[in-house]
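Right, one structure below, let's go through it.
Note that the chains are named A, B, C and D in the order they appear, and that numbering of residues resets to 1 at the start of each chain.
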Amino acid sequence: MGRLSVNLCGVELDNPVIPASGTFGYGYEFAELYDINVLGTFSCKGTTLRPRFGNDTPRIAEAPAGMINAVGLQNPGVDRVIAEELPRLKSVFRKPMMANVSGFSVEEYAAVCQKLDREPQVGWLEVNISCPNVHGGGMSFGTDPAQAAAVTRAVKAVTAKPVIMKLSPNVTDIVAVAKACEEAGADGISLINTLMAMRIDLKTRRSVLANTTGGLSGPAVFPVALRMVWQVARAVSVPVIGLGGVSSAEDVIEMMLAGATAVEIGAANLVHPYICRDIIAALPEVMDRYGINNLRDIIGGANP
Amino acid sequence: MGRLSVNLCGVELDNPVIPASGTFGYGYEFAELYDINVLGTFSCKGTTLRPRFGNDTPRIAEAPAGMINAVGLQNPGVDRVIAEELPRLKSVFRKPMMANVSGFSVEEYAAVCQKLDREPQVGWLEVNISCPNVHGGGMSFGTDPAQAAAVTRAVKAVTAKPVIMKLSPNVTDIVAVAKACEEAGADGISLINTLMAMRIDLKTRRSVLANTTGGLSGPAVFPVALRMVWQVARAVSVPVIGLGGVSSAEDVIEMMLAGATAVEIGAANLVHPYICRDIIAALPEVMDRYGINNLRDIIGGANP
Amino acid sequence: MKQCLFTVLENTPLTEAVMRLRLQGDTSAVIRPGQFVNIKLEGRFLRRPISVCDVEGDVLTLIYKVVGGGTEQLRTMTPGMRLDLLTGLGNGYDLSPAGDHPLVIGGGVGVPPMYWLTKELLASGRKVTAVLGFNTANEVFYDDMFRALGAEVILTTADGSRGVKGFVTDAMAGLGYSYFYACGPEPMLKAVWRTARGSGQLSFEKRMGCGFGACMGCSCRTITGSKRICREGPVLTKEEIRWDD
Amino acid sequence: MKQCLFTVLENTPLTEAVMRLRLQGDTSAVIRPGQFVNIKLEGRFLRRPISVCDVEGDVLTLIYKVVGGGTEQLRTMTPGMRLDLLTGLGNGYDLSPAGDHPLVIGGGVGVPPMYWLTKELLASGRKVTAVLGFNTANEVFYDDMFRALGAEVILTTADGSRGVKGFVTDAMAGLGYSYFYACGPEPMLKAVWRTARGSGQLSFEKRMGCGFGACMGCSCRTITGSKRICREGPVLTKEEIRWDD
């Protein structure tokens, strides 16, 4: 057990650093750049029941200290993920991976998870409940504790793997959503997904995004993410994965002090492709600087 | 009527630029720097019934492209504002000013507004409903449409001045809160206040803020603010004031295209004390660049 | 793909808004004309993608137009300053089907990538005709550079202030060529796609999150399925392109 | 207060972590020792407040300790670079009650503002004793500069590696003086406040949003009501200070 290791829902991670869903593909683009086995694990592109092209383009915009995306869950669908992506990944990644799952109805979530449950490469299911709920008026599953619980229960019923519910920050009371997921059986909580945002192009007088709005991520959201991790980690007893704007070893430690057992890194991968590797390499020295022997000792270690 | 003028709840503004509450004191610090009569108007420090020192210090923290504050409504109380601040302001500002009001119960809001209603210098009441509701379990008035409506009604009952309800962005459904305020009689809506946030000091392993959490503002929040202005402006028929991270003439125009009738500037004043004056000076040239004859023509002029 | 620091050698105006940037560094990942680099600028979150105009040893030439904050900032770079680049991005042009007399078509800032392509096509013993389109005479750049390479150059300007009056497609009518390569604004590409005889390759632009295939920000639909412009593109063949609007 | 661009003349280390920065620009708003400037750094949102150590004509001397990202960035500034400063912030020390032999007490990076103060006190014909406290010998700076001005200097180090072993208050015991001025870390100020005989002025630090009175970020309670450290401070009189903890 190294200085960096943490235990995420019963599975030991060599370190808490996890590339976030949607910013690391299915892993092998980055495997061309560095040995991705240095990672704790990684969360794959959000996978849905059917293949999706996603939203129209443009679906990326620049923001102060961040970016907005409206990719809209482009993915080949769970069957091709299992048939093509996972086998391809096997040759470059020998650790359990985190399967990120999305859906537009409770049944869809369950169907995708049931299929992924059979895959030995999948270590955790990360269930993204910020997608719009087509049967529930378009608001996301993640904005209503009762619906969040319903998704959690449906997924838990079809899988023996640890289920991590990934929450949307676009809510009044993040603790209520987290607790509802925990009570419904979630094995962990990850947060935050993106903050709903928009930019208008002054020349065209239209949204920069074809989808009108999109999700803000990157350093800009870090203080909001940290606050939510802090609130949720104190309210639930399952592990919390912290993410949102993390881009340095110091940020990883700050998230862990706030209560995160592991830390995901999203947008930063897009701009600095080696950042996860570099953060893992930098952690021991930064830990020394702040008198930290083992990362697992500091989880939730901050005082108000 | 100049190229920059707009009409805010029946009162003509020379231009839409308004320093935001809490970042411009009661005006006269800035009057030492430039003639503040160039402003559309300004919103004064949040005023409460009784004097308040505010939260303990430290109550300021740095964030990526922004800052966090937990000042906690330090102000001398409405009676001294009327007795001392307004007379002092009179000598440097000859336009109607916007009185920003806070409270911890519906009665307090009403009591402060009733007193300010008698002051001829006050052009608008801007009612900040993001303060914690001490009688309602600590959640802010701004997070529940019914309570937001209750404050609006109570305030409208005691004043003939235009009432602008200032909303908190820490909600699932900003449109619901805005509509509740409009239905309860609000003459305008301003948004956003700060996003609840936190930072932890790695050396002390404590929150950087004595108050643990604080409010994020500055460029980091601009895309979130713009999205909310866009959503609210399409849902209500009263004027909307847009704010959150505005720091250039381009940002002012972007907010107006999203639906803002006027635009407030907060944190940017603290770092660039002349910024409001400079933005007003820059607007005509930037308008020319984007083919805008009169600012009032572009309010809500963007397409999805 | 490689991430490397490059040193600015030159950053000079070619026209009022178009600049030539010459950079020195590790160019080993830059292997094909039509590829691009992605440039990190201080204080901007996303990198800015710019096509490779030329590469000679460890010197990279980029040509960019100042259109917004990032390119405005790039304009202020002076020799000796350093830039963090991702290099060797995108598929680039496939030269093998070019035949003996390919046509290269560039419009505006679509001209620069055609320069290196033309050089390579000529180096392989082919004859090249280059149709270069601009809006107006004082926006023209690099036509002399193409001539110096040995290409036949046909210049067009929309207002007729230099060369053929009209669009690149006007100049193409009646030309004989074995294959074509095109880069330019989307309306130009669409016109070329619609009117060009025979087969060819066209290079596209999309807003990008990463530039190396990680984010799915730049996807486009083709008749063989979705492709990432940054990885399976920016060059698509005429046959696979699907115009949705 | 003034907002001006200053040019870096010098940025050199005095100790491992402490740097001296000399800047040229419009110093006209800097009128009293104990005032500070607020420095904008590229990529950081809030300005960084630093006390004026000296001003001579249009040259400002600042001394800062590298403690975090902003001061680390400041360390990389080289001569010729420019910095955006707000100058002339804070009340500064009031020299009128100093008497004929004031004591100035500086601890760590509280030493720099005492330099200009000492210079002014000496210029007005007073005798000055300066008690300068540091942690250890290799953190000591500027003691020779105080001596060169003509002040009597008593050096203290917490570990006794130079000068008197102990804290500034240890060195103060038994000294005769007409008035005192102090700047340093809060525990030092508290100890000075508790043990110093007679009257004096003490200078405080607070996290700041603006530095010029606009945000109420830096408020502190005094016996005469709340004061903004950036405007009614950073200098408070011994008599008005309230310690809440």
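Following the convention adopted for this analysis, a contact is a pair of C-beta atoms (placed from the backbone, for glycine too) under 8 Å apart; a residue touches a chain by one contact, two chains touch by 3 or more.
Because the structure is a prediction, the values reported are computed rather than measured.
Look past chain C and you find the other chains held together by touch in one piece. Averaging Cα atoms per chain gives one point for each, and the point farthest from that of chain C is the centre of D.
Separating the centre of chain A from that of chain C, both taken as means of CA atoms, is a distance of 36 Å. Here the CA centre of chain A is 47 Å from the CA centre of chain D. Residues of chain A in contact with two or more other chains: 61, 63-66, 219. Within chain C, no positions touching two or more other chains are listed.
Because contacts link each chain to exactly two others and close back on themselves, their graph is best described as a ring.
Under the contact rule stated at the top, the pairs of chains that touch are A-B, A-C, B-D, C-D. Within the complex formed with chain C, the chain D residues making contact are 42-43. Interface of chain B with chain D (complex): residues 22-25, 29-30, 32-33, 45, 53-54, 57-67, 69, 71, 74, 208, 218-219, 267, 269-274.
Chain A makes touch with chain B in their complex at residues 61, 63-66, 68, 139, 143, 170-173, 195-200, 202-203, 205-207, 212-213, 216, 219-224, 226-227, 230, 245, 250, 253-254, 257-258, 290, 298, 301-304. Against chain A, in their complex, chain C makes its touches with residues 1, 3, 40, 44-47, 70, 86, 206-210, 212-221, 226, 231.
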